[in-house]
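First chain A sits with chain B, and in the next complex the same chain sits with chain C.
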Partner chain A sequence: MFSRSALRSLASELRLTAPSTISSAAPLQQRACLHQSASLMNSQQPQSQSTSSHPESPLSATPRAQDTQPKNVKTSTFDENTMTPQTRAHVPIAKQPVAPTFNSPLKVTKSLMSQLPHLVGQKPHYVVAQLHARPYLLTEGDHIRLPFLMPKVKAGDILRFNRASALGSRDFTMKGSPTIDERIYECRVRVTGVDSEPLRIKEKTKRRQRHVKQAKSKHRYTLMRVMDVRVKTPDELLAEGAVVVEESADSSVIEPRS
Partner chain B sequence: MPLRGIRTSTAARNGAGAFILQCKRLDFHYCNWAGSSKGMVAFLEKTLPTFARENPQIEIRVSPRPQKHPLIKGLYINGREKPVCVRNMEPHEILKKANLLKEASGEKLKRVKKPVTSLNESVRGIWSPYHGDLRGV
Partner chain C sequence: MSYFRITLIRSAIGLPRRSTDVLKALGLKKRMATVFHSVSPSVAGQIMKVKELVHVEECQYRLTKQEVHLERKPDPGYYIEKSCAEQRGELGGQ
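And now, the complex of A and B:
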């Protein structure tokens, strides 16, 4: 004869095991209903996991910095005349973004190299990027609304600002003369869309004339988001082929805060 | 106990990491009878299939709206919508309007004077007269 406590323990064991199987099955089904690709992901579990650990290039921007070489991978199904390009493989080689060609390796003075670790180690950083001779003080995650409509960019494009007059952290500032070499830092922005201002109406009048002309204007502006502002470490610079020189007149300098 | 809203732990910064297009749906309305919909009907037949194929992230709905001018309505992630009347327009003009709705952020149009808006704290901190060296004028 079973005692009551033994029965209770048996029942609790059953309760423990049974709901666990149900609860583990139910969210899976829900997840499959929530998203179209979820069912695909479940069926190809090992493959999708391997891809998720190394996400595609739009998400991780860092490896794309060096990846500005034209790619001559071409899909066979793509028709250039009817479709707009979606990835870089669709763009003809002549029109692909060209990596900047440098005639000489990056020259860094000894004093700059010795002070650079202080600047690199102190986060966050800001950069004063120059765009059409206007300065924009940017930090990571900032929202930019350019005072003009940038041509030939689409929402989702990633740009790299390569003209910076200053670069700094809380206590250190690197000043360029007039700009810092673009190989020292990375400032990446993503185009998020196009904005417009409300319609402006200006009334134009002439003297002794009843006629009033209404001049209308409604400009469009490009929206952007700063993805990262990063200063490279001395080791990275040396690995990329920087040359340490004694002193040179037109090099950028790091100034500590007074 | 009073009802509490859900606190947001982070501010949305679309594009800083992943990027999501803000336009989630485009509604195309037309009229089969009216002359102002002539260009719109041609657009729906010729241009819209390629436009939809190029933008798989946008849901596209086409529905008749009899006795009315043709209309494109964009719906955005922030819950706002943006209607554009396209009466008497040619198909290429309508495509321009569709692209405008696609790239728009969905926010209300505002006159902004400062180009950069930041959620971050000031990198160099606030200036204090009691700290740091004296500087000659």
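And now, the complex of A and C:
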């Protein structure tokens, strides 16, 4: 029959021995695990670098920011080819502000090609850019204050506006149906900052209640400056691989000012 | 398999109770709401009851709510050509 003290001493002995074994084993395991993860990281790093468009120099420490080609960052993990969009997060890539990729060369009609030099020669140009289907008439040097805060842009970013319904100069206008192909012109815009309106306080009351709720709102707006509005010359278009075709129904037309 | 694409154009306010109930049975709760029902005599009869209020098309696929929304969503019309971080990287590289 064991006394309580004997049991306690046995227990303390056990406790003394057990932690020591644990403490001796655990760091080893941890170290092993860490080492494994480190080796995993070592083995993964060159792979990831080689996939990031630097196959000839896999160990060079060039950051991703120096890549010249714009990388297509998908905002959602949604594959539009396989899935049907179910929730509001599922937006196909065509409806996201992502640099476009072209499968077919630009098709320009003969008449447009013949009239384009008139438009190109007459500066400055204006463009009616469609931003979320709202038209903005822009010329080089304009300051814009968008009526909304543009997501995921910072001051200093350069944007390209690629939906234009009209493009023109003093005497000529190129009209798209409904938009002009974005490879004919370049409209660059630099984000200059964020504007914010003064804080508005609206007092919300209900009838026969003394309680007054204050609804506050302070909207923010993106500020921009138009860097350049440029129409490409026919030579540039041909150099970029444009194809001259006969008349087609859905082509842009240049109209002289009447 | 073809479907009716039914859009409620006019509300049933002020109409007999029956037309409101038919709209409810079709799943149309508010104006401009769109529902899809497979083509069948019973659905056709329901549509006939409220034919003055709805716009009906026949289509091959049942679209999800988001797909119906995306039909109306315009293109953003812009993309980020060069972010400020990229420009800074270029300046540092020179």
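Simple rule for what comes next: the second predicted complex is superposed on the first by the 160 of 258 C-alpha atoms of A that agree within 3 Å, B and C clash if a C-alpha of one lies under 4 Å from a C-alpha of the other, contacts with A are read in each partner's own complex, and residues count from 1 in each chain.
Here is the rule we go by: a residue touches a chain if its C-beta (ideal position, glycine included) is under 8 Å from a C-beta of that chain, and two chains touch if they have at least 3 such contacts.
Model, not experiment: these values are computed from the prediction.
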{"item": "Touching partner for A:138 - first (chain B), second (chain C), both, neither", "value": "first"}
{"item": "Partner chain in contact with A:94 - chain B first, chain C second, else both or neither", "value": "second"}
{"item": "First, second, both or neither for A:225, with chain B first and chain C second", "value": "first"}
{"item": "Touched partner set for A:86, first chain B, second chain C, both or neither", "value": "both"}
{"item": "Which superposed partner A:155 touches (first chain B, second chain C, both, neither)", "value": "both"}
{"item": "First, second, both or neither for A:107, with chain B first and chain C second", "value": "neither"}
{"item": "Touched partner set for A:147, first chain B, second chain C, both or neither", "value": "first"}
{"item": "First, second, both or neither for A:175, with chain B first and chain C second", "value": "neither"}
{"item": "Touched partner set for A:126, first chain B, second chain C, both or neither", "value": "first"}
{"item": "Those residues of chain A which chain B touches in one complex and chain C touches in the other", "value": "84, 86, 154-156"}
{"item": "Interface residues, chain C side, partner chain A - complex", "value": "63-67, 69-70, 73-90, 93"}
{"item": "Chain A contact footprint on chain B (complex, rising order)", "value": "13-19, 21-22, 50, 53-54, 100, 102-105, 107, 109-112, 115-120, 123-125, 132-133, 135"}
{"item": "In the complex with chain C, residue positions of chain A that touch it", "value": "63, 65-67, 70, 84-88, 90-92, 94-100, 129-133, 150, 152-163, 188-189"}
{"item": "Of chain A, residues touching chain B in the complex", "value": "58-59, 82-84, 86, 124-126, 136-147, 154-156, 168-170, 190, 192-198, 223-227, 257-258"}
